[in-house]
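As written, the chain order gives the labels A, B and C, with residue 1 at the start of each chain.
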């Protein structure tokens, strides 16, 4: 079976005055229909740039320098800008951290939803309104007909994110890319939004790419995880395996650094140092200055993704030992 | 519980008037001009004590008044009513000069490492300022020694003292911020979301640093956070706040193993956990009301599935339960829950 | 990471890098530097001293520039109606214009920063009163105030005495008329800085209000002050030129660029166009380069401006 989305050797560069800066390096992953993938990493790891590049939304001076993004039989990396609009917001929807990136503050929710439907589908205004109402019900907005006439500022943060999800569902996309959708929200609201996303993906057999820094959130929602560090994927595999038996020293460190219930008051295991800036990358494996297993080869050669003994793809020279 | 309390707050109330100038307050109503004031009721009637050497954490969602509470305790905001005591002395109404001795005993670490350091001062100037200010006539050599000592204790090379904050990463800036707080040898530190703005792999470093400092210097912490798993890890006791009111206060162990207040239960069920089987999240109905229009009765009743008429009318008072936890809920008190 | 000296920091800064790679800014800066040097070093650079009556011969009046028929190589750009070398007079005039412009801006900045800082930091009633005063001041046009005051002083002291106090008087008039610009900018900036956590940290240390205001808040509000200062210098020079043009600025014996243009204007129809044209060109050039530099500085200090 052909995967829904197949990203191969994707590289994204930013043309800066000091020369090109590689923000995403040779990233490959694929997603089957209805599958949920988590893209995890710290700020600056390149996870958002990867997400944006799928729908060709990287802002200047960034550009895709290499690789292909096959989606429903088309290569999005080489698609001209005007054709891209037929895919973006139609077959692929995006949910941002800040709902106000999607919502126009001076238009009512109804106007925005109806216009989106009419832009992508050949329907009357009445039918478009019915579709909008149906989607609002789907994301559990109480009294949706009344809500259609309201402006974004009349909603709370959690409600706004629900409306953004409803808007993203309008065109029945086959893939949703959610970039830190709950980072700005409270825990209780975060749990509700995540449950909602999970439910929608399952009922409509939609694909989901969840971009977040929070391993725990990803582990509750997704089936597979790709961990990113300094622009590259360092580890990818099934969520269960990666969270239970992480193969890369970075992932191991991240998981060990999380406070565990039952070990209150103990020192946490910490990864020394900080992620290098893209301008100032160490030679070889980008994680080598922080890694306790680092040897000479790590300082010279960039490791590639290889399957380790538990079946996870790990980019580490010592994948079998650690 | 021991009676050795360091900080005690009693019926603390803090409201903010956000209605602006007199002209903004005037409104036409039924043909008459009336003056209307908009007040944010950030903290309402909160009381608790912090014991010497413990870490008391205040958790709650955004807008629950936890940061306001921290700043009121520190004397950054004057309370509208209620009292703050430090070591038996009432300090909420002291004039600037009499407050100075307490400024060396109480310090604060802030959330945003990018905003909490003056960008025009070098690390040396930032850390030495409180040293010179509170030790009048200290020699340059002594100040320098102190600077080096605190920098080393937060894991920074004193060589870097001549650099400006923007040359450091978020985690290192938070270390500088902690060093500034430690420079005056405080006994009590208020930490307002000290790790919320940091990356996951850096959070553990800063938490370890805070725990080490507590052990070495015998510090007492008031720790403000929305991250429940962090709170569980470092706290002795935990206070849960909702819309400016205290819901539940108890030892970390009791709160996390057997939460009683319906809000605490919902909050705990919402923590995402790594791997393992999926928990059932308790979904709260409705929206969080704004602290401008507080609902009558229990502030949580609009979202609580156990609310009855009494909850809608009468404000619940904190009552001690058999396990030592303080809980403000009619349903728990009546045994309905 | 190593600690670097101030000079090293400057050399490696984005500020210098950006500046050196911006051709407009670099050219403007070079022209401005030349103009400033020529203006302030006028007594050394200029071939004649136009203030010295011994040098002036009325027989030399209205000689055209040296490259035109009837021109004289001693007078590169020709002479004015009183027989003064136009090039020298212009350099001296530019000096007067620059002194008044910069002086007035220093006064504006001093008043405006004080008022803005105190208003923004204290808030409440103090802020209301100070900012209303600024509003009232702004509601009077600069020229109206200047014309009014200059006219009164000329009448009070007589023209001879007025000539002596003209420079400080113009500095005062222009300085007082425009300080609210600074006050507003600084206040807005103070209001933004005041909310930041480093101010709270200073309070937690126990520092006095005064010290927090001077040591912590003020240095962080200065970037926008630099930006408006460039534009205000250009404005002040323009104001002075305009006042001189209507005869209320610098007297003819001590001409500024504006009064030179004014004087020359009378001779434009008798064919001596150069008396008004050359000072005009210099004035436009001076204002242009200052404004271009100001634009660059604003873009550099506030990158959001051109991105959004």
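To be clear about the criterion, a residue touches a chain if its C-beta (ideal position, glycine included) is under 8 Å from a C-beta of that chain, and two chains touch if they have at least 3 such contacts.
Remember, predicted model here, so these are calculated numbers, not experimental data.
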item: Chain pair whose interface holds the most contacting C-beta pairs; value: A-B
item: Label of the chain whose CA centroid is most distant from the centroid of chain B; value: C
item: Approximate Å spacing (C-alpha centroids) for the pair chain A, chain B; value: 32
item: Chain B and chain C, separation of their C-alpha mean positions in angstrom; value: 50
item: Numbers and ranges of chain C residues touching at least 2 other chains; value: none
item: Residues of chain A defined as touching chain B within the complex; value: 42-43, 156, 158-159, 186-192, 194-195, 213-217, 219-220, 239-240, 243-244, 253-255, 257-261, 263-265, 267-272, 274-275
item: Sites on chain C touched by chain B in the complex; value: 1-4, 128, 196-198, 200-208, 216, 219-220
item: Complex contacts: residues of chain B adjacent to chain C; value: 21, 71, 74, 76, 96, 99-100, 103-104, 106-108, 110-112, 115-120, 129-130, 133-134, 159-163, 167, 177, 180, 184
item: Of all residues in chain B, those that touch chain A in their complex; value: 61-62, 169, 171-172, 199-205, 207-208, 211-212, 226, 228-230, 232-235, 252-253, 256, 266-267, 269-275, 278, 281, 283-284, 287-288
